[in-house]
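In the part that follows, the structures are each spelled out as structure tokens.
Shared chain: chain A. Partners: chain B in the first complex, chain C in the second.
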Partner chain A sequence: MHRFLRLSVLLMGLFSAVSSYATDAPQSAPMTPDSLGPLVEQPIEFPHNRHAKDMQIDCMYCHTYARRSAVAGIPPLRKCIGCHQSIETVRETPRIKKLFEYWEGSKDGKIAAKTPVPWKKVHDLPDFVRFNHERHIKRFIEQQNRPTQEACGYCHGDVKEMTVARRSKALSMGWCAGCHEKDHPVTAEGGTPIGNQAYWYSFQKPVANASGSAIKAKGPNDCWQCHK
Partner chain B sequence: MMDSGFDRRDFLKVLGWGGAAVALSGCGNTSIEDGRETVVSYSEPADYVIPSIGVYYNSTCAQCDAGCSINGRVREGRVLKLEGNPASTINRGKMCGLGQAGVQHHYNPDRVREPLLRKGDAGETITWEKAYALIAEKMNGVSGEEVAFLSGGVSGHLKVLLGNYLDSFGCKNHFVYEAVAPGVMRAANKKSYGVAMPRYSINKAKVVLSFGADFLGSWVSPVHFSQQYAQFRKGVDGQRGVLIQVESKMTLTGANADRWVAVRPGTEGILALGIINALGTATGDIAAAVKEYDRVRVSKETGVTPGQIDKIAALLKLRSPSLVLAGSAAEGYAHGSQNAAAINLLNHVLGNIGKTVEACESVPFPQMAPATGNTAALKSLSDGLAAGKYKVLFSYAANPVFTAPGAMKFKESMAKAGFKVAFAHYMDETALQADLVLPLDSALEDWGTQVPEYLATCAQVNIQQPLMERLHANTRGMGDILLALLKQRRAEEYKGYEDYYAYLRGALLKNKGALGGANVDDDTFWNETLTRGLIKLEGPVGALSAKANAAGLKLPAPAEGDAQYPLHLIPGVTASLRDGRHTNQPWLQESPDPLTTIVWDSWVEIHPKKAAELHIVEGDIVEITSKTGSIKAQAYLFPGIHPEAISVPLGRGHEAMGRYAKGYGVNPFQIMDAVYDNETGELAMHETRVRISKTGQRVIVVKDEGSAGGSQAGKKIAVRVSTDDVDLSEEV
Partner chain C sequence: MSVSNLLENWSQFRHFHPVDDKPHDPYKWAMSIDLDACTGCNACSVACYAENNLPVVGKDKYAHGHSMHWMRIERYWDEDVGVAGGREFPDQGAQFLPMMCQQCEAAPCETVCPVAATNHTADGLNSQIYNRCIGSRYCSANCPFKVRYFNWYDYPTTDNVWPAEMSQQLNPDVTVRGKGVMEKCTFCVQRISAAKVAAKGEGRIVHDGEIQTACQQVCPTSAISFGNLVDPESRVHKQWKAQQVELDKEAQAKDKHGEEGGSSGLRGYRILEELRPYPSVMYLERVRESAV
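Showing the complex of A and B:
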């Protein structure tokens, strides 16, 4: 009798586990390099293609916090207005009219003046992950002198071809490891021995170079670099 | 034990599968919510505002009256963490746990958010305009004598505004009430030294003899004294300072002392005179006054062995300068002033005046100096209320319904006031009795100036500035409220000040020259002042009276035992809860008491010998009965208390205030008898006599220390030796 009861408890547990996993199913496989996120409807359909491709505006002109801080932030409303108040040619287009409603307040009074645009977050990481924009920009753009759009594109995809941004990379841990393993192999000697878990993701797999000596990488070689 | 087939092994199996099930469902990127979360940008940020990078502002801690300067980290417009401001001579960049919890005062979910007007037993939300109009209406035709304003300690420009407001209708009834304040000490110091609050230099002393002054925990300016204490321990000329603590209940300071002397409650003054006698250096009328206090008599009356007295006297002779402190434990008696006078006399005899007890500077604006008070003020208010004298009662920064001694019956007297206005952060016990409750800004949202009562090395005016915007749209700063009320009375005079900020700025700029800004323009002075968070000043130095005076010193014989109420009740003032105004900050409830390690509840400290006599073990719920009332709490066996006394910490036992305060522990204020110090009228907090009885219930005491408690189970982990067995020459 008890044995039967126990079995049913186990089965219930397994069933609930599988079903809770299944409900989350429509998500990208963590290891594929490209996986499109959902289409996100934004309050204003911001045309990245106009700004980044047609106008050739540097990403960091608007996303100015990215090189100064761990988080990229969203450009302040003043930034948009700063340019657009002197671009008469598009002043009466629907999207720009909408933008100015946030700055000046809407006529129906629903939006107060200087209300920040309630953008939806497109590139989101779990709360236990700390990604640092500043460090990546320092390395790729300032040290290695790569074009901004290329460097940002490693994670954000080809934004200049989009209107509103859409996530196009997995942004999972395995996906991060994909780069960090390829470009910055880490030695067991160089890093901190942290058990098997990091090896799953190849963060610490010892790789010998041609001369046989191990290479010490600059990539994260400890869990707390991202999980703090 | 269950006798089903579901044994330990099966239980672990199920647990294991259950864990695996949870882990499996937790896999994957379930916490990523693309396109669902809104990310709010700034509309017009200042240049220095960068997301995720902190900005730091200086302000002043308002958790107690010590006046430590703080530095708050603000990120994305939210204050996250407070640290000490190194520029302050009071706390020099350090902070205590109580101060750290200040953010929990600010973010507290139980703050009052709207003005509330009594409607039966509930509060109805009203607008500020209506609230102000209501006050104007109630004040209409009421004379100054019929209004009473009760407040905690106030200083700076708020005190000036408050004074002006009361002046505007000729009211002289400003009652300043601090529940746990060194009221007796101020008066005794004034007599002994000529100043109420001299500068103590623990760091210059080679011996500190403290009679119940918990200067590391809750006495006057603990953060400042803790730093002095660290220097004192490092030593002057390489000689490590020796701390002797005389008290009936061990405090945090007592736990740090080299020599902890348990004295019979109330006989501290007798011991002080006994030490003067043992020193044998006094002359004239002091020698005459202590002549009869020979070691045999003193030992008999205080319970301190003659050997101890000799050792203390020998040490004080050997090392000079020393410092003798009188704290609340010595002063909480009907003869508290006499005790303090006897203890202060020791400083004179030892020649410490001018060496470790020094004159201090005061702020050159006397109108800004802190208004201090004690329970005597509350008593006269309570008497006035009971007599129906007051038509309007204001209450600010005090919670007398919680902290008044039970015998005073303040709640009943308060009910007789015609219209009661409470300016409140929480719906505490006093606010619940009010007719109109006006919600205040937290200290991290408000403007202000503060002058500390205890000034460290120079006169100092502390600046309080908002670290972030208001959390709740409808709270107001006390300064703004007073200004609005003043405009009802003297519209012409105050019309130039749009708000309290404008008033404060105007007032400080007007005295720019005296505040050290003579050669800079207004904006520069103002910005630099806000950046620094404080103004250091040259102030007048008070004169210390070096002449000792033993006249009028008359100590009563130790109190006789009371057959009905044999034990002394010692209210414990803990470093984090004090008088209970911050009990609704869960960090303070959660941080273990330093001596007993108990959390979230009250306890009764009782000596193990006494407990054995009464057959009480740890966790027994005991009932403590005084003439005034009774409370029930869990027993904790504690060797650091005199066998004739028990102790219950203050601060807990709220019936209101908020989710983290209400219903946790008991309130010893409730059972305190109305006994007052003979000279100052301050409440004699240690005079209440109680009896203790078991109720039959027993609980597990929730505490950090292990179940063995202080017992080392014979393992000699920390070896200890009775102080009587220590040879003085080896000890120091």
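Showing the complex of A and C:
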């Protein structure tokens, strides 16, 4: 009987120790239902569907920097107001009223005039990853002439069907390699046809297959291409 | 790079590679440091701290050998001038040598990493992948130059390393390393890749002088040059050629002429060449008064 009691006391102690440790651990942010990323609460529920689908606005009208820098950027408040001050039809809707609070300052004085909207990052890569929007835009939109929404959608999903953008791709290294290990057309010298540069996508010199047409080049095989 | 490719071609990643079927093309990053111009001012070291988010560990941790200076100035004293005066540290005859990762072509650190966190890039750099590193510290033990530094603490959360307001001065292009990760000089790879992206967009290769490493940028006497060794027009290539230093040799022309390069006037050498790591950094020997 005593032994039985001792065991139960031990188990109780163990249980309480584990549970107190678990409560001390930092609570991770709630995830999206498909566990692809944290559930981000934006200050204003931005309707991507209204802008990108109904109004057919190009992604890069607002995310201007995508074509010329590593980051796509979020538009400054000035850009939102630039259009919306002359769109009278939606001026009195709740979300636009909220937007103008950031521009003109709120009545209760909590938000000063011209405060940038504190948007939160949805597609937040780890710090040790270097991703360049410009390269991808150059390749898909400028060189291959694909529609912007299709090219952006490779990584960002079908944003035009969303309100607040949600992560819909894994954005993991294996997922990147999924595209980057597909056959790239490369010249026999190992250069890509783009810009006629002698550049190896791969550490290994690309080799032609039996038919001599498609030359396999694996993804950027130098870790420092993407890691920093 | 996928893991499968890494494992399949493991020997290739360790390959000493300016060989016929795998030449450095179009880049091989290299450096040359003129010790005659170096005044030991430490500006390079400070610039490296700022550029690469290095934690300032403080006096106590420094004394334990936990310093994180990727670029350090080594001091050597000319014994016969200095100690004769009876001082602990002679005030004359100091010689300085900036020491950082030599980006060896046959790097001893690469062969021993159990998880391939450090390996060779196609443009001749010795890469260190922080998120792959498990902190075995084997690479550091095997490095003959002792230029690898280990994160013994989680520096971002350590007191007084980066106080709250200083987090804004961190370079966003460089990872802030966590605890248990090895790190070392990268030849400012963030600047290299930015220049490569810019060049690629314009369909050309990177020009000489387009990339400056942080240490090179601040050096008041321009002792440090950095560039593409493959490009015959680059400053580094010309310096290496003038000194008859060759990347894939373990003994250079200067050595044949004995101490001080004899009458040949050659000053170029690489450190610990006899171990055959084939470093990418050439030092130009100081012109001493005794040799003039």
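Criterion: the second predicted complex is superposed on the first by the 156 of 228 C-alpha atoms of A that agree within 3 Å, B and C clash if a C-alpha of one lies under 4 Å from a C-alpha of the other, contacts with A are read in each partner's own complex, and residues count from 1 in each chain.
Quick note on the criterion: a residue touches a chain if its C-beta (ideal position, glycine included) is under 8 Å from a C-beta of that chain, and two chains touch if they have at least 3 such contacts.
Everything numeric here is computed off the predicted structure, so don't read it as measured data.
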Chain B versus chain C as contact partner of A:149, first or second or both or neither: neither
Which superposed partner A:117 touches (first chain B, second chain C, both, neither): first
Which superposed partner A:76 touches (first chain B, second chain C, both, neither): first
Partner chain in contact with A:49 - chain B first, chain C second, else both or neither: neither
Comparison of chain B and chain C by chain A residues contacted: B
Partner chain in contact with A:38 - chain B first, chain C second, else both or neither: first
Touching partner for A:106 - first (chain B), second (chain C), both, neither: neither
Chain B versus chain C as contact partner of A:127, first or second or both or neither: both
Overlapping contact positions on chain A, where the chain C interface meets the chain B interface: 70, 126-128
Chain A partner contacts - residues on chain B that touch it in the complex: 4-6, 10, 13-14, 17-18, 20-22, 24-25, 27-45, 50-53
Residue ranges of chain A in contact with chain C within the complex: 70, 126-128, 130, 132, 134-135, 138, 174, 177, 181, 194-200, 203-205, 218-225, 227-228
Chain B-facing residues of chain A, complex: 1-3, 6, 9-10, 13-14, 16-18, 20-21, 24, 27-28, 30, 37-41, 65, 68-78, 102-103, 114-128, 167, 171-172
Touching residues (chain side chain C, partner chain A) in the complex: 1-2, 5, 9, 12-13, 21-22, 25-26, 119, 121-123, 125, 127, 129-132, 173-176, 186, 189-190, 193, 197, 200-205
